[in-house]
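Two complexes are shown next, each including subunit A; its partner changes from subunit B in the first to subunit C in the second.
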Partner chain A sequence: MWTTALVSGISLGSFYILIALGFALIFGVTRNFNLAHGELVVFAGYVSYWLWKVWAWPFVLTFPVAILATLLICLGLQRLFARLCEPLELNSIVLSFGMAILIQNTMLFWFSGDYRLIRIPTLSQGLHLPGFYLSYGQLTLLFLSLTVIAVLYILMYRTYLGKALRATIQDKGAAAQAGINVAVMGTLAFCLGAILIGLAGPLYGCIHYLYPSTGHEITLLAITITIFAGVGRLGGIILAGWILGLAESFAVILFGTSWREMVAAVLLLALLAFKPRGILGKGEQ
Partner chain B sequence: MSFFASKNTKFRTQGLRFHSVGLMTGLVLLILLPALVQSNNYILQVFTHALLLANLALAWNILGVSGSISLGHAAFFGAGAYCSAVLSLEYGFSPWFTIPLAGLLAAGLGLIMDLICLRLRGAYFALATLAFVEIPRVITDNWDGLTHGSLGLVGVPGLPSLSLGTWVVDFSASITASYYFVFVYSLVLLGLVRFLFSSNLGLAFQAIREEEIAAEAVGIPANRYRLLSLLLSAYFTGVTGACYAHLVHYIEPGLVYGLHFSAIPMIFAICGGRFTILGPAMAALVIYPLDQFVFHPLLPAGHEFLYGVVLILTVLFLPAGFWGGLRKVS
Partner chain C sequence: METQRPILKVCNLNVHYGDIHVLKQLNLSICANQIVSVVGANGSGKTTLLKAVAGILRPVQGAIIYHHKQIQTLSVHEVVRRGLVYVSEGMNVFPFMSVLENLEVGAYIAREKKKDRLSLVFEIFPLLADKLRQMAGTLSGGQKRMLTIARGLMSDPDLLLLDDPFLGLAPKDANRLCDALKQIRRYDITLFLAGQHVRRILRVATKAFLVEEGKIALAGTGEQMLGHPHLRETLFGIVAESGVEIP
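Our next item is the complex of A and B:
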């Protein structure tokens, strides 16, 4: 049982990393908290669900469409964020909160409040390895998440573009002085974030019921992992994602399913209460 | 501001007269409403609820005026609703006793929130409050013996009738009595907020909001005052939650701890004007009926998009809010 929990925790955690990366990237580069993040993930999931269920597309082909759809919304969102006045972080929270309500209600209107799941039979089968059970779904989740993380790692740490992005995260002003076009970096961060959301959405639809108000939970996860990791640390996000996944997985075994929802919140609050230094340093700029 | 105001005194007084005439008209309309709609239950119900939400927005703004934005007031609302409902339903206490008690429980929760978020400012405080709601929600959800978990509490007793000599107010008989009860509560809260904001305490809150370090330098203990504004805000949010439980008679964790009751007071306060006294309440009295009478019949699913649109437009084009913007113009 414990090994199964370990495996499912790692696989869930890898998926959480995928979810948090987009949020962390957008926040790091542009200093905008995007509270509509979870709603966008759910939206991408719905797009994929619709193509798969109603138009009977193969599941894999729904990814590009989901990515394109989130890309358009994210670029629109970025235009709105660009018009905000100071204090930027607080106003971005309020603006994106309004955006989250808007997207949530649009989804409620189009897709209704029914619970929907992208049910792919092969994903729920699995391997009975000695000591634990590994479903193809978990394997896919693990494999895809790790691939995306690897690609993003190469982009961020092995290319010139990544260097420019990391410079913008560290210090916007200094990056601009060094000749980096900070506005373009912001747009780029939103594009990369949108691609990550477009990838995460359909996967989320495979492992979790889709309904309009579930986005809130995803946003909370992304915030927890991002703050846990500190801004701009890819390694920190990976560690934080796995810790959260494992903590949830073991909380289910120890206390029962109904307490799982509290894990992310308690982790975030404990972090803010006991180790606020890293976060506070940035908050008081 | 004061410099310009003294130059334009004439326009300013005209504007104020215009405002106060409008306000008096609104007040008289609200007092006469039950007579005007001839006890049309639906309209009265919507306005009772709108007044309740106005109270939430007013209570939220006690914290808002000191500069913090909370996304977690549903924690206080839900705790207040559950405290009063459990005590009156399971233990048979009178709601008149349990409603203030519910406020105290919510204030206690505010104290815990303050201990956790003490050093956080701005965006990080907002995010922490967003996460904070999960704690009372999941505890309520899992404490089956006391709260019946996610099934919720059905048949929460209504407000008992009041008798003053021969004059008896029976809340179970008509919605009009409930309407006036919430209306009086609104007036009391409004008076309190007005007194608070114009007192030295209110000035201290505003000083903390504008420049915390400077406020500390002139001798305002910022953390203590911030705690005080949080406790007052939590207390009245809890009381409003308790009133909600006794007026609606049914509560469940997903509802009273839902994002709805965290979002609504923030939206009304920001749209009406975060730094004004009346703005939040007026926004509640305009936007909620607009939602219920116009958008709800048009779009039964998804009518709440209105709140998102209003919030986005306010942040982008009217950061001071409608009432705040209007005051500035005059």
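Our next item is the complex of A and C:
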């Protein structure tokens, strides 16, 4: 039972990381607090669902279309964010809140309010190993999330482009003085964010029912992990995602499913009380 | 030195902060391989001048000509790509990146020269070579200052603009930085300094300007300026009357 909780916690945590990375990247580089993040994930899920269910596309092939759709919306959103005046964080909250409502109602109009699930029979089967059970769905979630995290980690820590992105997150002015085009970094952050959203959406549709108003839960999760990690700390996001995933998984086993969301809230409050600079905040000055 | 080619010319520069007219018809020129210092009282326009040259502030009127081309309309990163690098007065390192990563970001536009620039930087600031893996946010104030200048050097500049380089440094670190600045000049890099540490800044300067109310009030060599009665009265006036020397 405990091993199952551990594996499922890491699997869930890895998916949370995937969800939070896009939000944290856009917020870190552009200071735009995108409250429509969750709605975009749900929208990508719907695109995938529709292609898979109505047009009978293989599930894997729906990912590129979902990514393309979110990419177009995110680039449009970036144009709107670019017109905002200071204070950027506050103004972007107002703008993206409006966008979230717009996307929600568009989804309600196009896809109705019915609950939808991408139910792939193979993914519900699983491996019965000594001491624990792992469904192919969880395994796929774990594999895809870890692959994306690894690719992003290599991009951010091993390439000049990634270092330029991290530098822009930490000090935009100093980054520009090092010859980095911070406007291009903003566009790049939105593009990377859109790709992450486009990947997360279909996966979300596999493990969670899709309905137009579920986006705010995802946004809240992304905000929680970003605060947990400390803005601009990619390593912190990975750690925070796994801690949250494991905590939720163990809470379900120990106290029941109703405690799952409570755990995230308690962890966030505890962190804000004891480590307000984020989970890896000790090196800061 | 004056017979050398001028690399930077500032012509009739006017810069405003909102309604405040900070630089008023300011003119100056800088030749290659000089150490040029700008001194002046608080609010005289030293930092504004450096920021306008670096592309951070947009002048209302006037021209900034660098290597015979006007650059006053370029953005900061475009100015850097032309070899003109500004190091601001704050110790703004990238705190969650290692010292080496900070230097690599400095070499973003000069990647092919990274190895050469790193050896130059370690020759001038050997202390940084011992702290390559340390997070930049955990360095001391003096070390952060060295790192910001070293990061500027990594961009392969022709002209390095240093805003108040001695700000917040202990005397020992300030002396070390003075030596480093003289060393940087030997690598065909022109230095343009501004700041409040008048004596230090003028002692290293081969050419200097006194800025008063947004205009150049005096020009000369560093030593000439240090002995000039107007500068002594303007910047050391009150202290000179009491007979106390400013360190």
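Here is the rule we use: the second predicted complex is superposed on the first by the 274 of 285 C-alpha atoms of A that agree within 3 Å, B and C clash if a C-alpha of one lies under 4 Å from a C-alpha of the other, contacts with A are read in each partner's own complex, and residues count from 1 in each chain.
The rule we apply is simple: a contact is a pair of C-beta atoms (placed from the backbone, for glycine too) under 8 Å apart; a residue touches a chain by one contact, two chains touch by 3 or more.
Only a predicted model underlies this, so the values are computations on that prediction, with no experimental measurement involved.
Q: Of the two partner chains, subunit B (first) and subunit C (second), which one does A:261 touch, if any: first, second, both, or neither?
A: first
Q: Have a look at where A:180 lands relative to subunit B and subunit C in the superposition and call it first, second, both or neither.
A: After superposing on A, A:180 lies in contact with subunit C but is clear of subunit B.
Q: With both complexes overlaid on chain A, does A:90 touch subunit B (first), subunit C (second), both or neither?
A: First partner only, subunit B.
Q: In the overlaid three-chain picture, which partner chain does A:68 touch, first (subunit B) or second (subunit C), both, or neither?
A: So A:68 meets neither subunit B nor subunit C here.
Q: Tell me the contact category for A:100 with respect to subunit B and subunit C: first, second, both or neither.
A: A:100 sits against subunit B, while subunit C stays out of touch.
Q: What's your read, subunit B or subunit C touching more residues of subunit A?
A: Greater contact footprint in residues on subunit A: B.
Q: Output check: A:233 vs subunit B and subunit C. Expected answer is one of first, second, both, neither. What do you get?
A: After superposing on A, A:233 lies in contact with subunit C but is clear of subunit B.
Q: For A:243 in the superposed arrangement: first (subunit B), second (subunit C), both or neither?
A: Neither: A:243 stays clear of subunit B and subunit C.
Q: Please work out whether A:166 is in contact with subunit B alone, subunit C alone, both, or neither, and reply first, second, both or neither.
A: second
Q: Let me check the overlay on chain A: which residues of subunit A are in contact with subunit B and also with subunit C?
A: 283-284.
Q: State the interface residues of subunit A toward subunit B in the complex, per the touch definition above.
A: Residue positions touching the partner: 33, 35, 80, 83-85, 87, 89-95, 97-109, 112-113, 213, 216, 220, 223-224, 227, 258-259, 261-262, 264-266, 268-269, 272-273, 276, 279-280, 283-284.
Q: Under the stated contact criterion, what part of subunit C meets subunit A in this complex?
A: Against subunit A, subunit C makes touches at 54, 56, 75-77, 80-81, 85-88, 92-97, 101, 104-106, 108-109, 111, 135, 137-138, 148, 151-152, 154-155.
Q: Quick check: in the complex, which residue numbers of subunit A touch subunit C?
A: For this pair, the touching residues of subunit A are 160, 163-164, 166-167, 170-171, 173-182, 232-233, 283-285.
Q: Please output the residues of subunit B touching subunit A within their complex, sorted ascending.
A: Residues 69, 71, 115-117, 119-124, 126-128, 130-135, 137-138, 141-142, 259, 263, 266-267, 270, 299, 301-305, 307-312, 315-316, 319.
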